[in-house]
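Written below as structure tokens is the structure these notes are about.
Chain IDs A, B and C follow the sequence of writing; residue 1 opens each chain.
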Amino acid sequence: MIATKENKATIPAQLEGEFQTLLSKTFSSEPEWLKEKRKEAFDSFCQTGLPTRKNEEYKYTDLKKIFSGNFTAVHNESHALNFIPAPIAEGSIRLVFINGWLHKDSTLSSKLPKGVLIGNLATDGLLKHADFLKKNFSSNEDALSRLNDALWTDGAFVYVPENIRLEIPVEIIHISTGKKELLSSPRHLIIAEKNSSVSIIENNISVDTFAPMIINSQTDIFSGENSNVQYYRLQNDCRNVSLISSTHVKQEKNSHFDTNTITLGNEWTRNNLRIDLEGENCESHLNGLFVTNGTAHTDNHTSVLHNKPNGQSNQLYKGILDGRSTGIFNGKIFVERDAQKTNAYQSSKNILLSDDATINTKPQLEIYADDVKCSHGSSTGKLDEDALFYLRTRGLSEDSARRLLLYAFANDVLNTIKNESLKNYLEELVNERLEK
Amino acid sequence: MLTIKNLHAGISEKEILKGFNLEVKAGEVHAIMGPNGSGKSTLSNVLAGKKEYEVTAGEVKFKGKDLLVMSPEDRAREGLFLAFQYPIEIPGVSNINFLKTAINEIRAYKKMQPIDAKDFLKLVKEKQALVELQVTLANRSVNEGFSGGEKKRNEIFQMAMLEPTLCILDETDSGLDIDALRIVANGVNKLRSKNRSFVVITHYQRLLDYIIPDFVHVMYDGRIVKSGAKELALELEKKGYDWVKEKLAVGSGQ
Amino acid sequence: MADKNEILEEHISSEYKYGWSSDIKMDSAPKGLSEDIVRFISKKKNEPAWMLEWRLKAYRHWLTMKEPHDWAHLEYPKINYQDIIFYAAPKQKKELASLDEVDPELLKTFEKLGISLEEQKRLSGVQSTIAVDAVIDSVSVKTTFKETLSEKGIIFCSFSEAVQEHSELIKKYMGSVVPYTDNYFAALNSAVFTDGSFCYIPKGVRCPMELSTYFRINTAGTGQFERTLIIADEGAYVSYLEGCTAPQRDENQLHAAVVEIVAHKNGEVKYSTVQNWYPGDKEGKGGIYNFVTKRGICLEANSKISWTQVETGSAITWKYPSVILKGDNSIGEFYSVAVTNNHQQADTGTKMIHIGKNTRSTIVSKGISAGVSNNSYRGLVRVSKGATNARNHSQCDSLLIGSTCGAHTFPYIEIKDKSAIVEHEATTSKIGEDQIFYCNQRGIETEKAVSLIVNGYCKEVLNQLPMEFAVEAQKLLAVSLEGSVG
């Protein structure tokens, strides 16, 4: 589809040609169904274009600015990288991707339980499990997800079969690096079947990025009946990077899903997190923390869709904003007619440390069932002066009293992390960040 | 006044009352005692007409009328009052407004004129003193922010205001300290008359030290298994409910 | 307890109480909208050139705008503006010398509404005296108590009269809070408004009585576009009431009003609305489209503007009474009850824009949804940079009656000052079965129990209304929800 006049402005000019190049070269050996899916997705992206600020979901985030650069989506150079971060969680399985492509130094343990598949989507997934992928590949509604549907290059593929509890965490590390302006489109697929459990850490970092980068990342998670999935999204110190990270979770009955999104020191971040509670008795916990300064822009969008009865969801997002940074929390709880006895809670709490920082919050409820308990709270304020004073009368300097209180504020979110080594790692990071 | 014959009732297809019989005449005070789970609360809910409870057999006559076909509000208008074990809070609805509405609905049912505002306030004052309820009711919502004791006293106060003919007290003593218990019991005693009957449902004997019953019934597994005079309560207190269960086990062997 | 269907049946038969139409001789413009119609309206009202100029500017701007259909949680067809009569006035040959000369049908109309145009005390006690400006379709027909008020220097008259008699004030303030460029419906109103109320309270005067405007749409196929402008000068105070009704008609009628409030230093305006436009029938046929722009500005220090609204009518309500807190220490309040039943849709809330220092705002919103209706709260709290020590507390509660309706909350919170303390809370609940049963046990039937519980739930808001309005509002709530609970 050719962009119409009206939306031309919101589709980066180079994309049309680059998509054709990718199809004929990079994606040429892919199965037909996938290429079809890519074309469909690209067409539908072109129909809407990039969402503008008139779109309620992008009211506070300007994509035009991000996509206005001279970036290219066509790239598959392998990078020699001296620096690969150490594992966060001890003994974890690591998959490393650079600019959307698998890095050869990924460490895969051979001692995986029977039936567990961990690898990359582009080769392991497509070569060995094409039929399976075809069945499980989903398309997403959001325009940016549609763009990823069309352009994705590679990413992690994690499959945990029925009744398997995978004790070792899986770390998916995405590194942005290089001197060229790139649009990278990593894509991860995580499937936890009935009665299984898995813990995923998705870590986005940047190393020696000398040109502005856009990452448009998509993660799809399928949490089967009675499964238990933990998904931690870390975004630390992505410099010169505009990170769009979309996650779509589908939960079947009696499943339990925990997620944390921790954003520290990024320059520009947009997180989409959508959870569909598609079976009865699902439980989801969504927690987030962002600590920003400079001119950072951090936008957290969540939507929790309660489609079936007896669901429980709980959201806690906290922000500490300094400098001229901007934070956004936009959360939506949607309760369908059938979803009686839903219990949904949402809380957004923020502290502004500077006169130039901005926070915009939009906690929303859309309720169509009557026998539900739904509530949200949002508060923005400064540190409790009485508490500060109290600490100072006990001998703390104003600085350390302030830091202590900020740390306590942030710790509410970190405390929800079940993986101990990850929690310790983040506690240290947050502490460091707050000292800056 | 009240005749219950072979009442079978339950909730969510589970039968709880299994052939319950009781005859209460005007002016009598009946105590129903029994261990947890014997069906005491089910009985009060069925009599008041809570819709979750299903009556599967038997009949209940109240002043000669079939009670079971009546709506909960008509039962109340006919003179049945249930003092709830857990009185619910209704935010924003003032006690006074609530009571006035109730009284006038009952009066309308009896084809009487609405109560005069002055008379109403006089009545409130008078009856409030009866249960030593000192809270200023006008500004407070129904049961909202009331202590456990205040809630129970409020129930008895409402009872005094609505002037029912049959009062069912569902575990009114639970959660009350000894002073509150005395006050509530005194209130009830002052309301005793030859035209008004009471069914006092309780787990413990101590309430019956203050409200002296004419009859005591022991309830177990959904029916009355033993009836007697007020001394039965003391015996029960001494020997515990196991005594009844044991006797029952022996009895069922006959 | 009665069967759900039975009660629904019953509700279906509960009728809109104000649904008659009066047989009053009308003087109307032809259907449709054009520059000529704008000129026609201006000419009919014998307006000065500057007024016509302003209207035309607004009209030309309106032509460049698009009817909003995207962001609100509302669904309505595109409105055909060529199918609406933009001017309809009761035929009057000359200025009326006394009430005796008013069309008796018209007087009857207001009697039915429960409004007396006779200058008498409505209830005992001086405080409850109300001065009324009655607007039927497009034109203000009678303002009472004018003389009493003018003794104190208070101006309370129809907007048309103010254009003629107080043009300096109109020129100074009209459009200063809601410019004609503000939004689609404000632009439309600015082009074609036909009348409304004007109120000016001079320095240091506390208005001794409630001022009130009753709006009624009568003629079929007309739109109503009134404008209200209220100014509280330094240290002045006024409490203003607004009531609205319309006859039952099968077609949708458009109401697009603009209300502007200006509060000067130490000035205070309390604006209360009981909105009961015809909501349409149980199938969702007919009813008023209520697209209203209401905004006040606390222009100078220590001023206060308070909005209270009870919204029970209209097929669609699109309304966000707002306060711009420009003066230091100024206060904005918004208390709202919105009830939707059957096919009604409401998207209503407020905007509190904090600009001055030490400004405070309070938002209390109670939404009640029944039938297959949708009820949304949409509100913005903005703390601008430099609005030191701004405080806001918002409480938005939704009550659902039955499981075929929807209740939604869309708060927008934008904060650019670190000293701000902004809190938002929202809950969703239903009427507890246990609460109803408790009332039943005390002899109160379900219908009445629901009305009792709903009124309790709304108490915080109803308490803000002047006595007479509070009673009317309580009754309206009961009528609106009749039969919605099984």
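The definition used in the following text is that contacts are C-beta pairs under 8 Å (C-beta built on N, C-alpha and C of every residue); 3 or more make two chains touch, one makes a residue touch a chain.
Quantities reported herein were computed from a predicted structural model and do not represent experimental measurements.
Enquirer: Farthest chain from chain B, going by mean C-alpha coordinates, please.
Expert: With centres defined by C-alpha atoms, farthest from chain B sits A.
Enquirer: With centres defined from CA atoms, tell me which chain sits nearest the overall protein centre.
Expert: C
Enquirer: Find the geometric centre of each of chain B and chain C from their Cα atoms only, then give the gap between the two centres in Å, rounded to an integer.
Expert: 49
Enquirer: Compute the distance, rounded to whole Å, between the mean C-alpha positions of chain A and chain C.
Expert: 44
Enquirer: Hey, how far is the Cα centre of chain A from the one of chain B, in Å?
Expert: The computed centroid separation for chain A versus chain B comes out at 58 Å.
Enquirer: If you look only at chain A, which of its residues touch chain C in the complex?
Expert: So the residues of chain A in touch with chain C come to 54, 56, 337, 340, 350, 352-382.
Enquirer: Give every residue of chain C touching chain A within the complex, in rising order.
Expert: Contacts found on chain C: 70-71, 73, 385, 398, 400-430.
Enquirer: Give the list of chain B residues in touch with chain C in this complex.
Expert: Those residues of chain B that touch chain C are 48-51, 71-73, 75-77, 81-82, 84, 87-88, 90-94, 97-99, 101-103, 105-106, 109, 141-142, 158, 162.
Enquirer: Given the complex with chain B, which residues does chain C contribute to the contact?
Expert: 1-2, 432, 434-435, 437-446, 448, 452-453, 455-460
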